[in-house]
Each structure stands twice: as C-alpha cells, then as structure tokens.
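Two complexes are shown next, each including chain A; its partner changes from chain B in the first to chain C in the second.
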Partner chain A sequence: MTDAGGPGAIARLRDLLEGQNTLGNSTRFWYGFLVVVGFMFVYPFLTNPFVLKVNTDYFVWMILALSLAVVWGYTGIFNFGQTAFFGLGAYTFGIVGITLIEVTGGTNVAILAAVVVTVLASALLGYFMFYGRIRGLYVAILTLAVALTGNLILVRTTNTTIGAAELGGNNGVTGIPSLTLGGGPLSVPLGITAQYYLVALLLVATYLGLRILLNSYYGYVLLAIREDEDRTRMLGYDVRKLKLIAFSLTAGLAGFAGALHAAWGNFIDPTVMGLTAASVPIIWVTVGGRDTLIGPLVAAYALQSISTKLSTVGSGYTNIFLGAVFVLVVLFFPDGLIPAIVARWRERTGDGHDIDRSNTTEAEA
Partner chain B sequence: MAVVESILRFLVLLLSFFGTLALAGLGLAVIFGIMGIINFAHGEFIMIGAYSTSIAYGAGIPLAGAIVVGGLTTGAFGLVVERLLIRHMYDRLIDTLVATWGLSLILTQAVQIQFGGTFGSIPVPFGTFQYAGFSASMYKIVLGLTALGLFAGTYAVFTQTTYGLQARAAMQNKEMARSLGVDTGRTYMLTFAFGSVLSGIAGGLFAPLTVLTPTMGSEYIVEAFVTVIVGGTNVLIGTFGAALSLGLIQTPASQLFGTLGGRVALLVTTILIIRVLPEGISGVVTSD
Partner chain C sequence: MTTSQHGDERAILRTDGLTKRFGGLTAVDDISFRLPAGEIRCLIGPNGAGKSTFLKLVTGTHRPTEGTVHFDGEDITDLKPHVRVRRGMSLKFQRISTYRELTVEQNLRVATQRIHDGQDATRRIDELLDLIGLTAEREAVAGSLAHGDQQWLEIAMAMATEPKLLLLDEPTAGMTIEETRETGELIQDLVREGMSILVVEHDINLVRQVADRVTVLNQGSMLMEGTVAEVTGNEDVKRIYLGKQAEGTA
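Moving on, here comes the complex of A and B:
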C-alpha cells in the first residue's frame, strides 16, 4: 500500500498516519506492518477453510476492539456497553438481511441499516449522557446497564417476528445471509475465502483510517477531552458535542462489526449482550493497552485464540483464565502489556523514541 | 372493594420493588458513596450471599440466621478482596472497575465449576397475605420492610459508631481526615467489608425468591446500577429516594406492560433523569 507512487507520496502518507498519538512511527514498524499484512493475505494459501473461517471472526472482533480503544482509550468515555451496539448492529443486520435478501438479492442495505441504527441509538443515549454532563463512572455503569437490559429484552423475544426474521428469544436468529458483493441482481454471496479477504481488508482499512483520525487535529481534541475536559471546554470546544460524535461514530463502527459477525456465523443470539460478552472487549483493550491501537488488536487476536483453544479442549476455565489475566494486568501493568513491552524494549535498545510519554498524564478521572 | 384491592395490589407491589431495588443497591451505594469506587463484582457478591445462605439453611440453621451467615461470609470475602485487590488501586478508579469485573468473571466460573448450574433452593417462608380477592406473598412484604430496617441500621452505623464518623470524614475530605489522624486505609477496608455484608444479606434475602445459579448476580446488577445512578453519592437519602422513586415507576409500568416492561421503564427513567439531575437525588439534597 505505501509503495504506490513516488517517495513523496510515501512521505505524505506517513505524515498522515504518524504522530505521537499512536504507537509505531518508525520505518521498521511499517516494514513489520507490511510483513504482517502480507502474511494475512497469503494465509489462505497456507491453511484450510476452517482456520480461515475462525480467523475471519477474530478480525471482526479486532474491529470491535479498535472501536472501543478509540472511545475509551483515546477519548476517555467509559463505554462499557460497546457490545450493546455490536449486538444491535448484528440483530439489525439479521432482521434487515433476512427480510430483504429475497427482494434485493444482496446485503448492502442490511449493512447500511446496521450502521445507521446503531449510530442513531447511540446518539440518543449519548445525548442524555453527555448533555446531562454525567460523570465518568456513571457512563460506565449506565452503558453496561443498557447492554444488560438489551439482553433481557432479546431473551424475551420468543415468537416475535420483525419483517421476515424470527427473533427466537434465547435461541437467537438463524438463517442470516452471508455477505454479498455487488448490488441488485448482480449480487454474489461470498465464500469463506472471499469473506476472509474482505474482512481482512476492512480491518486493515479501519486500523489505518483510525490512525489518520487520531493523528489529525480532531484526534488531538479527543485526547484533550480525555486529559482535561474542563480545560478543553474553556478553550472553546463544544465538549458535549464532540463526545457525542465520538461516542456514536465508534458505536457505529461496533455495529458494523456486529453486522459482519452476524453475516459470518449466519446467526446471532442474546448472549452477545450479556455480562460476560460485555467484559471481553474491555479485557482486550485493558490487556493490550488502552491508549494504543496496536495493543488492543494484538490482545484481541491473542486472547480470542487462547479462549477458543481453551474451550475446544473442553475445560470450563476460559472465563477464569480471562478474568485472571485481566486482574493481573490491571494490578501490575495498568497501562497494558504492549506499552509495557515497548517501554522495556526501548530501555534496552535505547532507540525509537517516537512517543514522548512524559508529556501525557493518566486517563483516570 | 375493587378500589381497595387495586390500591393494596399497588402498595404491595411497590413495597416489593422498593425492597428489591434498595437491597440490590445499598451495598454498592455504601462502597461508592464512601470510597468513590464501583464494585463490578457486586452481582457476584449478592450471589455469594445467596449461596452461603442456602448452605447454612441446608445445614439446619433457620432462615434468619442463615441470612446473617450469608452476610458475614460475604463480608469476610469482601475483606479478602479489599486486601488483595482494591487497596492497591485507591487512586485508580477505572482500574478498580475493570479489576472487579475480572473478579466477577472468575467468581461466576468458579461457582459454576464447584456447584454446577443450579443450587439448593430455599422455600419461600411466611405463606401468603390474603385480602378479599387479593393475595400476595407475605415474604415480599417482609423484604420491603427488611430493606427499611437495613436503611435504619446503616444510618445507625454511620451516625453512632466511630467507624461511621471516620467514614463520613474520609468521604468529605480525605486529606483533612488523614491529617486529623484518621486511618483512611482502615476506614476504606471496613467500608468495603460493610458494603459486602449488605450485599450478602441482600443475596440471602433474595435466595428464596429466585433460582440460585452462578449468573444470578446479573439479575440484580441492573437494579443496583440504576439505583446508584439515580441516588448519587449520598448513601442513605440518595439510595432510599432512588429506590422509592424508581419503585413508583416500575410498579405501574410492570402492571401495564409486564415484568420486562417494568425493567425497561427503570432504564428509560434513569436515562431521562440524568439529563436533568446528573448527580442524581443527592444533587438535590446536598447543597455545596
């Protein structure tokens, strides 16, 4: 991607992508990045469809992790109910997809609907929270309460039908269409490999897009809000509006990931909004390092793979493992594992000072 | 007669919703009000209270005694959690939130492994309350009255004991309290244990009314959260007012739209209230 155009183009692109708000601004990082992305794209030739299928879902989770890192890590909004929006996107995609697949033949409208519905729903909730100026911890427990109440509602939807979709209560929605490419009569449903490539591409695009956003002027304002809300307001920024925008757009991204997840499994059920599900993205972001993007990505992939392995060997210890990792990281590495590793490595090698950590203070209120 | 009946029906339902909200929220509110932290494992503390009550009841201890055992067991557990975990994070509010959330995952799964999906239930005591065509479980009335009793007890602890005095001092001005010789670390430890005892008692009181499962805590956590949000930081007046006003919403909502409607109404009311009262009821009663 960066090798398109002359050296001037690369420099301009790097200028957009790099800055002190994200980890990884060295040439070495970008070589590593290209190797990882290159591996992602040749991976289908090296493995079987089952592994590809599983990895596609990990990529979806990684998009969810990114959305939480931006809203929680960078903006300081303790959205602990991001799975409510993930689930809302998934259910919307399911309902619209099942209803329209016969009519339009594709899932484009369903994807769009999933994003629009989550953005609107989160904007409504965000309006009451941010324009009421409630404090940090209240946002955390209120958003979680929203997710848990969503779970309660979905559990009671046995025999409820919206459009052509049967919500099915605890059993969930089945028969959700897979993603399609193209529009109208030309829509083609994607196979396992094609879906893998599409989601991988979306993940890379989301990561790079968010890097550009965070290193832009708007990104700096988001960080200013996290560091000192009152001071940012005194400087003339409409903090309520900016928080509302950040909250609803990241919720929309989570809803988008939810739609991909529903299309991936052709299925969605209420556990997605439960207490355990809500904690999982929080764990990725905490363990990875909440003011980085790369940390939550690595943590989401690693912890999801480990959880899958633990549950396939039939042990009931997955949540104990996740919970223990969570507690230990919070106790001993409050900034997350990836920043801790990077700091240790820099201490040893004494180079790569692309972030001056001494200027930034903690996000805690 | 029909009028008296429907008024009675309303009042009994109100008392039972008030009791549930107040009991679910009080332990969380004590810890939040004094220490400023939210215990995300609060639901699991309620679960521990319910399980230990059930174990004590199964061992032949009468229900009231079993509930006390449940409260004390949860209190002891809370003390351990505070020493091992919470005290390292007094100045890191969000870290306590996420750490206790991790704890909640561990507790749920550990209880699942140890005791399986469901656990010994306790029969509902006291029979039913009968008036003309109306009947209600006497226990639900007792639940509401016990909640009132716990408010009185908590009030007494905070006004009559040295611990209560020091806890209020630590809440109002931690640095000043410290410089006057209050060991705020010890006060926080006792506060966490006290809040845990209240959560455990709540769990014991809920035990006869529900199926004991490892995930039962999540049944009560929404109630606890909305009570604390609406109540704010004022432990007694805030929580009492929140439980009462939310009960007044939940009662007609659940009569009109069923149990689920009542719970959705709780959440919607809370979201509407924060727009006008960001500090909850405490913001109205506390002037500063």
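Moving on, here comes the complex of A and C:
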C-alpha cells in the first residue's frame, strides 16, 4: 500500500476512528461533524462574550458527559459519583492554582495535579470496589455515597486553609486563577475568547480520542465487560484490573473537566458534589443514549442550554424539567434519544448500518 | 477402581485429590482425574453429582479445599481464571454467555483479538463464522439468534482463543437432534486439529458420537471411568443415571 499522505492518511485516520462500537461511521457523518466543528470555531465572531463564556462551560460539561458515557454506558460501571471526581479535580485545581500561581506563573501544574489526584483517589476507591467484588447497583450506591460525603466534608471547611487557598465551607473557594497558556514567567492568562477556543479544542480532541479508544482492542474489552464479566474473564482478560483502569482514567477525565470548570468560573463550591449535581450527568447520558458518545454530547449541550434559560424564569423549574425529561425518556426510549432517532432513520432509509464496509480487506503486503 | 492411571501418556489435565466443600456439603470429593492430550472425554452424572463444581475448580472460578490441578504439566492450582485461559484453556459456559447486545462479529472480535490483530483477526472471524454457519448473521445482535446458533457462537468464541483444552459445559442443551449431531461433528473436527476436549453432557447420543472415554461422577465422587460401552453396560451407572436411556438402546 502506498503511504503517500493525502487520501491514504485520511483513510487510515478513519480506520482508527470508525467501528461498530461508535455511531457515525459514514462520510455523511464526518461532513456533518466538520460543519459543527467549523461553526464552533466561527461562533466567537457571531456572538457576544457573555454567550461565549456560557458556551465554554457547556463544553466542559460535555467532557464530563463523555467520561460518564465511557465508564457507565460502555463499561457498565454505574458511577453515580462521577461528580465527586469532577469536584475533586476542581478543588485540587483551585488549591494548587491559588498556591502556586505566584511561583509558577501559570496553571499547568494545577491542571496536572487535578488529574493526578483524581486518578489516584479513584484508583484507591476502585481497588476496594473491584477487588472487593462489589458489582452493579452497589457501585452506584457507593460512588454516590462518596460524592455526598465529599459534599458534607467540604461544607464543614469554613475556616480551613490548604496552601494559600481558603476552602470557605459553603461559600466555596474564590479567586481561582484562569487557565494560562505557556509556562513559567511566560505564562499568559487566557481571555474569554481564547479560553473558549482552548476548551472547544479539548472537547473535540476528547471526543475523537475516545472514539479511537472505543474502536480499539480496549473498546471491545470494555463492552465485553459490560455485557458479561465471567465470559470475558474466561476469554483471558483480567477483568478486575481493566475495570479499575477504566474507572480511574474516566474519573481522571472528569477531574480534568472539573479543573477546567474551576478555572472557567474562578470559583468552586461544595454543591458540585451534591445530590443534584451527581444526578444531572446521569440524566444527560441517559437521555442522549449511554452507549454512544454523540448522544451524551448532544443531550448535555441541549439540556444545559434549556436549564440555563429556565433558571432565569425561576429557581425550581430546572430540576422539574430535567426530572420530567429523564422519566419520559426512560419510559419511552430506554436506550436514549439519539439511538432511537438513528434506528428510525435507518428504518426509513433502509440503511442496515452506517459502516462503509467497501471491502477494506486488503491483501497483505 | 475409581481412577485410571495413564502414567505414560502426557496428561493435558490432571487433578489429584481434588476436593471442594461448601460448609458441610462436599460437592467434589477427592477426585483424581487424568485427561490424556488429544482425547475427547465426556463427564456425566446426575444432577448434583459435582460436574459443574469440578469444572469450576478446573477453570479456577472456585478454589479447591484440598488437592491440586495440573494443566499441561504445570501446577495451576493457584492461578487466576484469566491466567489459566492464557495458558491454553477455554470454557463454554452452561448457560449461554454470548454478549447478547453485541453483534455476532463483535462477540467474535472480543474472543479473537487477544491472539490476532488487524486483518488477521478479520480473517479468523470469517473462518469461525463459516465454521458455525453464521456468515449471513455477522451484523445481527447475538441475543436475536436462535438458541442453537447462540450455543454455536459461544463454542466458536471458546475456540477462538485457540486452546489446548476446550471445556464444554452442556454444549447441546436446547438443541434439536440434528443440531446436536452437527455439534458432535464440530467437536470431532476440533480434536483432529489437536485440541483435547472435556464435555459435560446429558445427551447420551452425543456421548456415543464423540466420547473416547467417559467419566461418571456421583455425589461428588468418581464412580467409574471407561469406554461408552463399559459405562453404559455398568449396573451401577444404569442405576444412578442412565437407566432410562440405556433401556432404549438396541
């Protein structure tokens, strides 16, 4: 086969990105994808800084949604406390950021610290869960309990200081630095537009990276673990270790999103680990379709946009709306809206599947 | 005689004094068992005889209370199940354990990818699909297949790991007579390719078709071992297990 860049490179890239484990494998899908991404990148020219700022946070939530889709939808680990890791990442970023900004000049170390701390904390919890043979709904109960415990602890930190950061109890941590670009003395804090672009880029990279992961060797193993752990073990896979890795890395991704969120608002408080906060990502992922990536992305964006609008009407409406949507989707589209729409679309167009299998089997070189 | 010694032959699987007690219940009682390489052995016995527990001790799902398990000359008593699989052992579960929500191809991909990658895996999947006659159902969801096809799919998944020893726990449960016969032919083909096979089976027709030798368990102990003719001719075996079927044979 010729390796001369151009179409060959695109074909190889598509080979990595596409497969039976993710939706959207047609050329039509990728044109649509490019249009959406293109629109994301011209959006700053079409709107005002306030809208841009709000959208940046939606993108952060979408990264959180992706992390939950992979651990729950694909791997079958019902992590009801993904926001505990989101919150841990946010607090870690805040504490390290505030403490070190004078020393390092930037927030790179704080981002790194947020990811490392959440990966380690989740690995510890995961180790006791998976090697203690805790499965199914008990994982949900335990992870939710961890989030709520985190909330209770943070609420009681009124006069607690770590490093240069005051945790502030219910009032939260204020004065968290914005994201910076570059390192050391050359660090530049990002403005609203630059931050928007950076987070948008991270979101697109996360989505594409997870597609590559899910269509790889490990993607198949994660699905297999979700479907039947015993069968998967008896095909030679170390199920507990793989669950631990999946749990910790997706928690790390949630912690990363938490760090972005703290940097975005220059603020974090304990509600991020509360019951409502823990439920909301579950709702996005369920409504969108938990064993897809595109579903949780669309649902997180749409539901957050609507929630923001409703919250200007009155305080209770958002939760009522989210609860109602959740119940209706679970009752009528248990697999989520996007899979339901795709199924309907395929029925109508007579398209059995959206994978272009135009005989990619090549003779060995 | 409760054990038969094949000291000179290379045993792919050997258990010595294998015992499993659950509280006061002794599910497997001092079983010393040898399976020479290249043999098809059927393991029979009435419900509660200890067949399933014995298999679980072999695969490592249960740890024995006493005794050891040797696989291909190595003591594997302390190895975890997935490590045993990597040593060359594979199992088809008693209850159908395909990945019901995944497609036939995804099922086989999970089973093959540890050994083959890329185009190799695709070629191997094609071969397996051809072998079990499910090429047309490649993109069908496994849970939507007919019962017998699901059984075959799982047998194909167990084979896909390219084991030295294939353990089949009631592979023909719920199959038609014709499907059972075809399964028997498949098992015989596998042995010709060099596998050793241990089958837990209730269907005496399949036992007659494939077994080189038969091991009979009763109440956790090994009752006897022998050829199909020896076992079906044995009065004790007739009494505990084969009574009805044995009368029906010419």
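Note that the second predicted complex is superposed on the first by the 347 of 365 C-alpha atoms of A that agree within 3 Å, B and C clash if a C-alpha of one lies under 4 Å from a C-alpha of the other, contacts with A are read in each partner's own complex, and residues count from 1 in each chain.
Here is the rule we use: contacts are C-beta pairs under 8 Å (C-beta built on N, C-alpha and C of every residue); 3 or more make two chains touch, one makes a residue touch a chain.
From a predicted model like this one, the values you see are computed outputs, not experimental measurements.
In the superposition on chain A, A:Trp345 makes contact with neither chain B nor chain C. In the superposed model, A:Phe39 makes contact with neither chain B nor chain C. More residues of chain A are in touch with B than with the other of chain B and chain C. Of the two partner chains placed by the overlay, only chain B lies in contact with A:Pro334; chain C stays clear of it.
Look at A:Phe128: by the touch rule set out above, it reaches chain B but stays clear of chain C.
Within chain A, the residues touching chain B in one complex and chain C in the other are 362, 364.
On chain A, the positions that touch chain B within their shared complex are 78, 80, 125, 127-129, 131-138, 140-142, 144-146, 148-149, 152-153, 156, 274-276, 279, 282-283, 286, 316-320, 322-327, 330-331, 334, 362-365.
Interface of chain C with chain A (complex): residues 59, 61, 80-82, 85-86, 90-91, 93, 97-103, 105-106, 109-111, 113-114, 117, 119, 122, 139, 154, 157-158, 160-161. Taken together, the chain B residues at the contact with chain A in this complex read 32, 36, 38, 43, 85, 88-89, 91-95, 97-99, 101-106, 108-110, 112-113, 215, 218, 221-222, 225-226, 228-229, 260, 263-264, 267, 270-272, 274-278. Chain contact summary for the complex, chain A toward chain C: residues 20-21, 217, 220-221, 223-224, 227-228, 230-239, 352-353, 361-362, 364.
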